[in-house]
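You will see two complexes here that share subunit A, one where it goes with subunit B and one where it goes with subunit C.
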Partner chain A sequence: MISINDKVSALMVFFLISASQIGVGFLGFQSIINKYAEHDGWISLIIASLGISSIIWIIYQILKNDARGDIVAIHQFTYGKWLGNFLTLLFTIYLLLLATVVLRTYIEIVQVWIFPHLNVWSFLLLVIPLIYYTISNQFRTVVGVCFLGIVYPFFLNLTLLYPLKYADVTYILPVMDHTITEIMQSSTLAVLNFMGISALLVFYPFIRGAGQSQKYAHYGNLYTTLTYLAVCLIAYVYYSQGELEEQIWPTLGLWKIIKMPFMERFEYFGIATLFFTILPNVVLFMWAATRVVHRTFGFHHKKVAVALLGILFIGCIVSVGREGVNILNDFAGKIGLVFLFIYIPILFTINFIRRKVRKHVS
Partner chain B sequence: MNKKTSQKKVQRDFAKLLNELRKKDGFLYYSHKHATGTIHLCYLKTAVDPDKLEKYILPRMQEYLYNDLIELNDHIPFTKTELLNHPTQDQIQEKLVKGFVVIYMENVSPSYLLIPLPLDEKRQVTIPEVEFSVVGPKEAFVEDIDTNLNLIRQRLAIPELKIQKLQVGTVTKTEVAVLSIDGIADEENINTAVQRINDVQIDQVIDSSFIQQSIADNKNSPFPQLLDTERPDRIASVLVEGKIAIVVDGSPHALLGPTTLIEFFSAFEDYFLNWMTASAFRLIRFVAVFFSILITPVYVAVLTHHFEIIPQAMLVTLVHSRMQVPFPPILEALLLEFTIELLREAGARLPTKIGQTIGIVGGIVIGTAAVEAGMTSNVLLIVVALAALGSFTTPVYKMSNTIRLIRFPLLIISHVYGLIGLAVAIAYIMVHLLRLTSLGRPFFAPIFPFRFQDFKDALIRLPFDKQNKRPYQVRSSDVKRPAANQHDK
Partner chain C sequence: MYLKYIVFFVFVTVSLLFNFQMPTKVIDQIQTITVAGYDATDQDMIRETVVSPKYLAEGKVQDFIYTDTAATVYENRVNLNAQATERLLNGKLEVAFYDQVLAEQGIEHFVDYLTRDPSIGGALYLAVVDGSARELIDSVKTSKGRGVFFNDFFDHNIRHGNLPQTNLKQFESSLKNETCDPFLPMLSVKGKKPTLQSIAFFDDDKYVDKLPIRDADVFKLLYENVSDESYQYKSDTYFASIENMESDKDVDFKAKSGDVIINLHIQAVIREFTRKEPTNRLETIEKDIERDIEQKADKLISRFRELKIDPLCIEGVVKSSYRDYQKERFKSVYQEMPIHVNVDVKITGSGTER
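And then the complex of A and B:
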C-alpha cells in the first residue's frame, strides 16, 4: 500500500504530464512533422494533441475502476496472471525504450552542437548516477524534478520571441493547403512528442484524490500543445519551406540568432538549460519501469533500478551515430503509436467486458 | 534500637566520605557544635560562591535555633535545596562538583542538606554580533541556558509556552530544552525533535551545533538542516509561527526547525523594515547567492570550451586581460578561489584587529601584485571577489560556508564538461535539495512541494496583515493568524 506521505497532490498531474511530454522533441519536431503536411504541420500538431487527450480520457476510464489502479493490477485482472505479467514486461521494455530515445538523442545533440568528441559513456557515467539518485528515493523526488523541469526552463519559451523580428507570415499561408491524409500522416509523426503520458499508467495510484485529477492531466496536455504550437508557428514563419527541409533542429537555429550584449550563440546556453527538461523525461520513465518490475516480481526497488539503469546504459551505447539515433526515434514513434492508439483502446474494451462478466458472476 | 544502628551506619559512611574527599584539591570542611548536636559542612572551594556562603548560610547556621535540618532548610533563602537521608558517596560527590554545599547533621533524619551555591561566572547579555541588525532589538543569547530561556520568556510571557527539558551526552550530561507553543506548534514536530534528541548517543554536547549535527535528517549533506540563531527575538517570532526551538546549555546559539532552504536567506532584519525594502533586499540576496555559486564556474566553462558565446567586443577585453596569464582558466580560478579562502580562514582565526590588516594585505596587495605579475587576469579577480562578496550576504554563517564549498566541485566539472556539466551538477544539487528534509518536513518547500501560501514570506515578504495564515510547512494545529483560540472567549 502506498502511504499518504508518498502521494502528491492532484495539481502535480499537470506537471507530471507536461514534463513527461516536453523533451528533446522540442528542439526539432518542426522539421519532422513538416514531412507530409508542410506549412500546415501545426494543424497536425493540434490533431495529435486532441488524439492524446482522448487517450488520456480512456486511460482514466480504465484506471478509475481498480482500487490499486496501475497497469500491473489492470493487466493481471484483465488477462490473468501469466499473460498479464508478460504484457507488463513488454510495457517495461517500452518505457526503457522511451528513456533511451530521450537520453541518446540529447547526447546526440550535445555531440553535434557542443562537443563533437564527447564519449557517450563518459557522459552517461555522469548522468546515470544522478538518475539513480532521483529514482531510488520516494516518488516525491521524481515529481519535484518534473515540477522544476517545467517551471525553471519556462523562460526559454520567452527567448523564442526574439526571432519573430524576422518573421514572414506568408510562409504559413494559405492555411489548409494540404489533404486530410497528409495532415493525418504528419499527426502520426507528431505523436512521438506526446508519448510520455504512458507513465500515467504507473504513477496514477500515487495521486491524492486520483479520480479528480483528470482535468489536470488534460491541462497538462494543453500546456504541452500550446508550447509546441508556439515553437512550431515561430519556426514556420521564420524559416521558408526550403530551409526547414534542411534543418534538423529548427529550434536551435532560432536560438542561434539571439544576441545579447554579454552573450551570443544562445543555443549553447539553451542546450545546457534543456537538460532540466529532458531529465524529468528520463527519470519518470525509469522510475515507472522500476516501479512496474518491482510490483510485478517483488524484487527490491533499488536493485531493480540498478539493473534497469544498466540496460539504459547499454541501450545508449549500442545506438551509434546519427543513423542509429534516427532509427531509434522512428522505432519508438511507431511502437508508441501502436501502444497508445491501438493497444490502449483494446485494453479498455477487454477490461470493460471483463468487469461486466465479473459483475454478472458475482 | 534499629534506628540507632542505622544512624551509626550513616555516621560511619560520612567518616569514610570525608576521608575520600580530603584527597580532593580545594576541599573544605568545617564542623560546628550546636545546641542540638554537631553539624558538619563541606564544599569545594572552586565550585562555590564564597560571598553567598558567608552572607546567607553561615550566619543562619549559627544564629537560629533549630532541631533538625528541615527547620534549618526553612531559614535558608534558596530554592532547589535537597534533603537526603542516606545518599551514596557518588551522589554527594556529583553534587559537590556542581557547586553544592553539603551539610551533615548527626542523629537526625534526614541527615543531609544540600544547598546549591554555584559560582556564577556568566557573560552579560550583549548585542548580537553574528546577526547584527541596525534596527530592532539588540539582545543576543549567552552561554547560560537559564538566562537564554529567560530572554525568550520575556518576549513570550504566556502560559502556553512549553519547555521540555532533556539531558544529552553520556559524559557532559548537558541540559537541552525543547520549546514550543501549545496549541500552535504541531505535536508531530515536537515528538520528532524530542525523539531524535533522546536517541543521540554521543559523550559530549559542548554547543548546540553538536545537537544540530546529531539530529540532522541527512548527516551526509553539506546543507545545515536546522537554522541556528543568536537572537531571542527571532526564536520568539518563529515559535509564534508554529516552529519549535532547541536551546542547549553552554551555547549562545539556539536552533529552530522545521526550516526551509529559503529561510536561511532571510535576515531577521527583514521584518523590521517595511515590506517593499525588505523584499528588495531579500531578492538581492538571492541574486547574490546564485551569482556567487555560478559565476566562476561559468567563467571557467566558457573560457575553456565555448568562447563562441562571448560577443566580439567583450572577447577582446577578456583576451587582452588574459594575454599574460600562463595558466588555463581552471588553474587560474582555483588559485584565486584558494587565495580568497585562505584570506577568509586567516581572518577568522586571528583576533579582529589583526584580521582587518590581513584583509587589506590580501585584498589590495596580493590582488594587485598577482595581476601585475601576470599570474591571474584582472577580470577573473573581479569575478572571484564579487563571488566571495556574494557569499557573505547570506545571513546564516553555516549556510554561507556551504555556498562557498559547493563552488569547488562545480568549478572542476565545468572545466571537464563545460556548460553541460555545469547543468548536470546543478541538477545533482537540485535533486539533493528535493530529497532533503528538516525534522521530516520538505526542505525545498515552498518551491516544491509548491505552497502558494508560504510564498508570502519566502522570496519576498508581504505585509504582516497579508500573511494571514501560518506557514503550511510547520503543519500548525492553529492555521489562522491571529490565533483562533484567543482567550477572551
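And then the complex of A and C:
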C-alpha cells in the first residue's frame, strides 16, 4: 500500500495533467492541425479538447472502482493475470515511446536553432542523471517537477503579445468555412497534443482523495486547451496560410519577430526555458513506465529505472534527422489515438461487465 | 550508493568533454554581417556585397565592405570569407538590398534563404535598389555603421514618414499569401546620398511597378492605420498641410452588390495654410482634403487593377467575408469590380494660433 506521506494533494492533479499535456507538440501543432481544416483549425482544437475531457471522465470511472486503482490492477482484474500483464507491457512501451518522442524532438529543436553540432548522445548523458534523480525516489519529486513545469515557463505566454502587432484577422475569417468532416479530421490530429493524460492511469493511487480529484483533472485539461487556443489563434492571425504550411515550428517562429535592445534573438532564451516544459513530460512518462514494470513484475524500482533509461537513451540515438523524428512523432500519434479513443472505451466496457459479473457470483 | 554518484560524475564529465569540441562562435573571432546587397551581373551570376562593422575605440565604427560574384548566395559566402580576416556570419543582418534586375526576375529564392536561417530574425528590412546595391552601400557616410544607419533610416520613415510597415516577415506573409501581393521600399543614390525614392510593387515575387514616395501617403492610408503622419494638400487656390494625422481604416465587402467599400477616418491638426485664419474655414479644408484623397486613392486602385496586382489585400477581405469566394471568379471581376473609397477628415486643432 502507498503510505500517506507519498501521496500528493488533489490540487496537484491540475499540474500533473497540464504538465503532461504541454510538451513538444506545443511548438508546432498549428501547421499540423492546419492540414484539413485550414484556418478553422482552432475549432478542431476545441473539439479535440472536449474529446479528451470525456476520456478523462472514462478513466476516472474505470479507476474509481478499484481498490488499488492503477492500470496494472485493472488489467489483471479485467483480463486475468497473463493477458493483463501482457497488455500492461504494451502500455509501458507506449509510455517509453512518448518519452522518447518528447526528448528527441526537443534535442532536434536545440540542434536546429542553437547548436547544430550538438551530439545527441552526449546531451543525453547530461539529462539522464537528472531524470534518474527525479524518478528513482518518491513520486513527490516528479510532482514537484511538474508543478515547476507549469509555473516557471508561464511568463513565456507574455511574449505572445509581441507578434500581435503583425496580426491580420482576415486570415481566420470566415469562421466555420470548412465541412464538419474536415474539422473532425483535423481534430484527430489535434488530439496528439493532449495525449499525456495516459499517465493518469498510473499515478491515480498517489493522489490523496483520488475520487474527488476529477474536477482538477478537467481544470488541467482546460488550462492546456486555453494555452493551446491562445497560441493557435495568434499563430493563425500572424501567419498566412501559405506560410503556415511551410513552417515546422510555428510557435518558435513567433519569436523570430521579437527584437530587444539587449537581446538580438529571443529564441535562445525561449528554447532554454522550454526545457522546463519538456522535462515534466519525460520525467512523468519515465516514472509511470518504471512504476508499471515494478508493479507488474516486482523488480526493484531503481533497477527498472536504470534499465528503462538505457532504452530511452538508445531510442533517442537511433532516430536520426528530421525524417527519423517525424516518423517517431507520427507513429506515437497513431498509437496514442488508438489507445485513448478505442482502447480506453473498450477497457471501460469490459471492466464494467466484469465487475457486474463478479458481483453476481459473490 | 557511491556507485550512483560516480556514474553521474562520469556521465557529466564525458558529456562536457565531447560537447567541448563543438565548433564555437566567439564574438572576437567572427565578423557579423549587417548589410547585404545583391546585384545581378551577366551570365546569371549574383554579385554580393556585405558590410561588416568593426568597433573601434570611443564608439566609432569602421565598416568593412566585401564584394564578390558567384552563382548562389552561399557560394558567394565562400568567396567573401576568402577576403575576410574573420568568419562572416548572418546573425546581425539588418538590411538586405536587391537591385531592380534581380527584383524583376523574382526574389523568392533570396527570401527563402533568409527565412530558413534560424539566426535571422523577422524584423529584417528588405529593399529594392534603383541602380546598383554596391553603389548604394558605398554612398553612405555615417559614423554609426551602415547597419545601424539603414535600420534607423527605415525605422523613422515607417514611424513618421510615408513608408508603410514593411520587413522580412511582412514580405514573406504577403508573398506566400495567395490573396495579397507584396511591396518593398525602393532606394536610389541621389546627390551621392542614399534616398528613399519610391515604393516597389510586386506581382507575386516579381517587381512590376513603383510609386514615388511623396505620393505614397495615400497608399499608406489605404494599407494600414497610421498614427503619426502628415498630408500635403495642393490646389490652385491654396495649399494646406496637416500633421499628427491618425487614421482608422475599415474595408467592407457587400456580397449582394459586389461592392468593396473602404472607409477612412482621419484626425489631424493643421500646421500650414497659405491663407489666413484656417479655423473659420475648417469645413471647406476638410471637404477639399477628403475629395483630394478620394481622387488619388481611386487613381491608385485603378493603377493596381491595370497591373493585376493587389497590394491592398482586397482579395483577402473578399475571401474573409464572402463564403462563396472562388479564386478564378475574383480574378475575372477584379478589374472592374466597384471599389469605393470614403474619406472622413476631422481637423481637431490649428496649433497655437487661430
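One rule holds for everything that comes next: the second predicted complex is superposed on the first by the 362 of 362 C-alpha atoms of A that agree within 3 Å, B and C clash if a C-alpha of one lies under 4 Å from a C-alpha of the other, contacts with A are read in each partner's own complex, and residues count from 1 in each chain.
Criterion: a residue touches a chain if its C-beta (ideal position, glycine included) is under 8 Å from a C-beta of that chain, and two chains touch if they have at least 3 such contacts.
Everything quoted here is computed from the prediction, not taken from an experiment.
Bringing the complexes onto one copy of subunit A puts subunit B beside subunit C with no clash. Here the apex is the CA centre of subunit A, and the angle it makes with the centres of subunit B and subunit C after alignment on chain A is 100°, in steps of 10. In the superposed model, A:Asn65 lies in contact with neither subunit B nor subunit C. In the superposition on chain A, A:Thr349 contacts neither subunit B nor subunit C.
Contacts of A:Phe275 after superposition: subunit B is touched, whereas subunit C is not reached. In the superposition on chain A, contact is made by A:His117 with subunit C only, not with subunit B.
Once the two complexes are overlaid on the shared chain, A:Leu126 sits against subunit B and subunit C alike. In the superposed model, A:Ser54 lies in contact with neither subunit B nor subunit C. Applying the stated contact rule after C-alpha superposition, one finds that A:Gln212 touches neither subunit B nor subunit C.
Contact with both subunit B and subunit C is seen for A:Arg265 once the two complexes are overlaid on the shared chain.
Note on the superposed arrangement: subunit B and subunit C approach each other to a least C-alpha distance of 5 Å.
Shared contact residues on subunit A (touching subunit B in one structure, subunit C in the other): 115, 123, 126, 259, 264-265. The part of subunit B that touches subunit A in the complex is made up of residues 305-306, 308-311, 314, 417-424, 427-428, 430-432, 434-435, 442, 444, 447-450. By the touch criterion given at the top, residues 8-9, 11, 110, 114-115, 123, 126-127, 130, 133-134, 137, 140-141, 143-145, 147-148, 259-266, 268-269, 271-273, 275-276, 279 of subunit A touch subunit B in their complex.
Partner subunit C is touched in their complex by these residues of subunit A: 112-113, 115, 117-119, 122-123, 125-126, 128-129, 166, 168-174, 177, 239-243, 246, 253, 256-259, 264-265, 267. Subunit C makes touch with subunit A in their complex at residues 7-8, 11-12, 14-16, 18-19, 22-23, 91-92, 118-119, 121-123, 169-170, 172-178, 180, 313, 316-317, 319-323.
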